[in-house]
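First subunit A sits with subunit B, and in the next complex the same chain sits with subunit C.
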Partner chain A sequence: MYGELLETCGYTSKEIDKELPRVKRALDKAGLTEADAKRAQDRLVRYFQCGELKGMRLLVGSWFKEFVDLMLSGEEHDIRIYCELPFLTPPLIAAAKLARPDIHTAYESFYLFFVLGAFFGRVERLIEAGENFCLPPGVAHCACNQLKMGVRRVNFLPRASLVVSTGLYCDEAPKADELLEYYFGERVAYINRCQDDEPGGPLIQERPLMYTRENIDRCRRTMSEVIGREITDDHLMQAIMCSEELSTAIEEITELRVKADPQPLRIVPYQLLVYGNLMSVNLDRHDEKMEMVRVLHGELQQMVKRGEGVIEKGTPKVVISVGTPLASPDYGMMIEDAGLNICCLESYGSGGALIDTGERRRQISAMDPCTILAAVYLTMPLVSNFRVRIECITNAYRKANLDGVLMIPHYSCRVLGNDSMMVKDGVKKELGNIPLLVLEGDYFDPRYYTAEQARTRVESFAEMVRSERRVAA
Partner chain B sequence: MKNERRMSVAGIDVGAVSAKAVVLREDKIAGSAILPTGYDVAKVAKEVGGLALAQAQLQMDDLRYVVGTGYGRRAIPFANEVITEITCHARGATSVIPEARTIIDIGGQDSKAIRVDAKGNVVDFIMNDKCAAGTGRFLEVMSRALELSIEEFSSLSRMGPNPCKISSTCTVFAESEIVSLRAENKSREDIIAGLYRSIASRVGAMVKQIGCEDVVVFTGGVAKNKALLRALEEEIGHRILVPGEPQIMGALGAALIAARRNHCE
Partner chain C sequence: MDVMQHVTEYLRKRPAELKKLKEGGGRKVVAYLAGDYVPAELIYAAGAVPVGLIHGGDPEPVEAAHRAILRYLCPFARAQFGYWVLKEQKYYELFDLMVAPISCQHLRRVADLYSVYTELPVFRLGIPQPYDGEHGVNYFKEGLVLLKQRLEGLTGNEVTDKKLNEAIGLYNRIRGLLREISELRKSPRPPITTRDFIRLNHAAHLAAPEFVVEMLEGLYRELSQQEGPKSQAPRLLISGPNIAMGDYKVLDVIEESGGRIVAEDIAEGVLFYWENVAVDEDPLGALATRHIGKRPNCAFIRPSLKRHIEFIRGLARDFKVDGIVWYQLRFCETWDMESYFCAEELKKLAEPIPMLKLDSEYDISDRGQLRTRVETFVETLREGRV
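Right, the complex of A and B next:
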């Protein structure tokens, strides 16, 4: 059964022969059985289009390989650097591995949410372990934080030599990361920002930029100390350029998805693609990833040429803010089956690439790598401020000539939960009474919000959008 | 008669608590029926449809088109099409009260506020389907806690002068609150007044979110409760109209959509 799962993950026969013992050890450590492997294989075909698209098999394979490496990192590496959610400057961590290739770097929570959650449907027990340990349910604790406590409490993963945490966006994550030091003795490096941007000022403002830059540089120095090698500007630039290369390649698929009708790639596999880049903290597989994007793009182009799709032609198109629940792929699929084509994410309105084209690129091209990372971070729609998010959604709506806006705030997140109501009002103010639906959801915890609960609202919304289309016609 | 049969269509609304059916003949209601939903959705859909057909002196074969709606919509075996209850309630309510622009529907296990345009098209809606507070089921549980039948509870149209504060938005916890209030010797009327205020405040908040516009119409079985109607009017500051048979508005809307599909074919 494991061999079949690996085939679905795009492994070649040669790779299967070589990797099977490692994979078995990793799955065993994760408490996953052959029955789980069968379940994962079915889910990969059902939710991630792994049956028909080789590019998707390679993509899920790249995630799966990271997961296997993570599970075995205690046996295979002496130094481990984990970055914790919400962490959005992966090139910084990737640069550490360039400086010292024998260390292990991982975006630990995301690998677990996607692979253990979305692929295997088995992440709940780790969240519950965190709840039972120190972050109880019902008090607005995000599953990201509960999970990282849970994995340590039950010794699911080896201890980190260094955890990189960010208070740039979420205040709860660094508070929870203090507990990693307190309970498990793990060293934590924090990257902070100041939130007091000048209202109405330019997107990149000098003081927050320099403050964040200094925090990133300080983190670089801490990482250098932990790994015993200097992480140079060259390492950082190389990581940044790889990230940009991958972003640019993914951007072509984004453009294809926005225009294609019928839609050839569902939202769930597309999100896996986008997050695959955002979470790239290990450049060992960069070439593999570039090849995967090339294969996937080619397959999608062929489907478009043949007029093939997985969502019916003419289905109303919507932009989603921020995304569909990551650990519950059935939720995203239900929305599409109920009659909506989620053809782009909120970030599409910003250009979507990690380093945006145009003015912003010119602005930051002359900067040193830590400043570039700070600038990129501060200008990401989700992180910057709610006005930028409103602008992104309205840009996406107009640019892609959409039929509506769908919002699924991450309800256990204080930042996103609050922001989203302001964003909703702002979008309505900008675009008038366009069809806009807000659904409850949780990106990481599959237990609280189910697809069936939301079905009636999504179907009603789709009926409303189609009716508006008829009226407009 | 043969021609009339060709023009017969039906709407079946299988909700969480009750199943409703409306049969239209030449766009007029020829029969309607309501039954408790029970466990077997397909069976109750057939039974409630059968009752409405019998009233219309028709048989299943006489129906040209059937639209299913409600939570059980996808399990109605003889439906030609399924449409959500939000669209159907809007269509049903505006067919009876064409001036309607805001529709409040309180069903067995959900409540919704719907805004419609002059043609009865839905332009916005909001729905609470996560929690039973503010729904028919909430009233059922509370009536049981007060040792009243739902009919007795609903007929208590005179509310107490000092409404109790029912702070909880959870049905189960609200029941516990009632036990505490009874222990404090609060009168039934004051407790009931508090419950109506609690529902009105919850539903009112939804109505305000979509923007309340006259004329406001109240549908669903709970709309028959006059005291709640008054509490809602007070909460949203608008007069609210109730159709003659508010519980069948979803099924009526489904039947009207079926009639339109039939005309188009």
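Right, the complex of A and C next:
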């Protein structure tokens, strides 16, 4: 059964022969059985188009390989640097591995949510372990923090030598990391910023930029100390360039999806692709990932040329803010089955995945690498401020000539959840009375907001979108 | 206590007085959000009237805010917008500028709500993480420079070092008096209840500072000659993000259940009066050092756990506390996370200090449940003492 799963993950026969013992060991450590492997294989075909697209098999394979490495990192590496959600600049961590290749770097919580959650459907027990430990239900703690506490509580993973913690826009994640330090003795390096920028004002201003830069540089120094090697500007630049290369390749698929009708790639596999850039915390497989994007792009182009798709031609197009729940792939599929083509994410309206408009890109390219990373953070559409989010959704709607807006705020996120009414009002002000639905949800925890609960509302919304479209026509 | 009635009466008339100062005297009113990060002396030195937005405890404003925000924001933050929606609390309508310390996501969102739904201007004052370190203090000082410029533009008055040092002197006097009154509660027979003491702190955020100094001086003279009633009630410390003006339910429940609060670790209490500002050649630098470098930690700061627990232990020792009531607001994620740590640490002490965790969403239905839990806690402490 494991061999079949690996085939679905795009492993070659040679790779299967070589990797099978490691994979078995990793799955065993994760408490996953052959029955789980079968289940994962079915889910990969059903939700991630692994049956028909080789590119998707390679993509899920990339995630799966990172997961296996993570599970075995205690046996295979002495130094482990993990970053946790909501960390968003992988090159910083990747640079540590470039400086010292024998260390292990991982985006721990993302690998667990996608592989253990979306592929295997088995992430709940770790979230529950965190809930039962110190992040109880009823307070709206984010499941990504409950997960990382649960992971440590049940000794699911080896301890990290360093956890890089992101306090750039969220208070809960760095606080949870502080608890990791206290309870489990894991060293933590915090990257903070002050969110005192004026919404609507310029995103890059000298004072906050330099403050954030100093935080990033301090983290670089801590990482250098932990790995015993200096992480140079060259390491950072190399990592930034790789990340940009991958982003740019992914953007081409984004453009293809927005224009294609019928839609050849569902939203769930597309999100896996977009978040694939976060795997750039480890550049060992960079070439493999670039090849994966190239193969997928080629296959999708062929489908478009043949007029083939997985969503019926003429289905109304919507943008989703921020995305569909990551650990519940059935949710995205339910929306599409209700008759909506989620052709882009909110970030599409910013014009790029990491560094957006040409002007900003020019500004940024003149900077040193720590300042570039700081600028990337400060200009990141999702996390800068609500005005930028309104602008992104509005731009996406106009640019892609859409029929509606679907918002699924992550209810427990004080950043991306709590501004949803403001964002909704702002979008309506800009675009008029367009079809727009806000559905409270949870990106990470599949237990509370299920696809079936939302189905009726989504179906009504889809009907409304179709009706508006008919009237407009 | 006559003084408390005097304060109540003064505060009742204060909104009308502020309106008169604005309309008749051309004074600007500058409001600031809670947490003790905004130096009121800077506003005062600019010739504006500083007013703390510190009301809370009512369910209606919390509910009213839901037209613009999901419920997963702490009730205090929701109320800060809800009061503006309801138009029932004048302090929330008559200011010319709001200074919002961006301390946590909840207060940040209050600033956003005012920016989106009102015409009232907002100034965002960044709070560096963590407090300590020159880098953070400098960043905060630069923020104060920007605030000073904004205030000068608003009022047309230059904030000179002389004026600022005078204002610092006035506010130091308020903090000093509050600290002296607070320390009277170290006595086995405290002459003032913590409920009244917190109300004095609230008054210090709303009343004219000259009035506050005069009132506190008189009160201190009176209290220092008195002893409170003899009592066997367990002595308690209350710790939490804040106790808003009007959020007296938990204090009342504790007193009614036979407990006696003798100290508080909250923004409208110890965090406000704990440190004074140096009167210095660089007053903005001194304000930054006091408000960021020297102040006790809050839970949203990371790392803060060790420093916070040390501070609580010190208070517990000095005020001879038998137990701690941890009072947090629903959906305040960082205080909730820190509560777990604090309870564990307090258990590990050579003489462990029991802790009771409570939370509130300013809902009237909380009261019965709170009462049962507090009564049980107080009874347990009482038995321990016997």
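FYI, the second predicted complex is superposed on the first by the 468 of 473 C-alpha atoms of A that agree within 3 Å, B and C clash if a C-alpha of one lies under 4 Å from a C-alpha of the other, contacts with A are read in each partner's own complex, and residues count from 1 in each chain.
Methods note: a contact is a pair of C-beta atoms (placed from the backbone, for glycine too) under 8 Å apart; a residue touches a chain by one contact, two chains touch by 3 or more.
Here the structure is a predicted model, which is why all the values come from computation and not from measurement.
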In the superposed model built on subunit A, check whether subunit B and subunit C fit or clash. fit
Answer with first, second, both or neither: which of subunit B and subunit C does A:C194 touch in the superposed model? second
Give one of first, second, both or neither to describe whether A:P409 is in contact with subunit B, with subunit C, with both, or with none. second
Which holds for A:V471: it touches subunit B only (first), subunit C only (second), both, or neither? first
Thinking of the overlay built on chain A, is A:S321 touched by subunit B (first), by subunit C (second), by both, or by neither? neither
Figure out whether A:E459 sits in contact with subunit B (first) or subunit C (second), or with both, or with neither. first
Have a look and say if subunit B or subunit C is in touch with more residues of subunit A. C
Which of subunit B and subunit C A:N433 touches, first, second, both or neither: first
Minimum C-alpha spacing, chains overlaid - subunit B and subunit C, in Å: 6
Of all the subunit A residues, which ones make contact with subunit B and with subunit C? 440
Write out the stretch or stretches of subunit C touching subunit A in their complex. 67-70, 72-73, 102, 104-106, 108-109, 112-113, 115-116, 124-130, 135, 139, 142-143, 299-300, 302-305, 330-334, 336-338, 340-341, 359
Applying the document's contact rule, which stretches of subunit A touch subunit B when the two form their complex? 433, 435, 440, 453, 456-457, 459-461, 463-464, 467-468, 471
Residues of subunit B defined as touching subunit A within the complex: 71, 83-87, 117, 119, 121-125, 127, 129-130
Touching subunit C in the complex: which residues of subunit A? 134-136, 139-142, 165, 167, 170-172, 174-179, 181-182, 188, 190, 192, 194-199, 207-208, 211, 214, 385-386, 409, 411-412, 414-415, 417-422, 425-426, 440
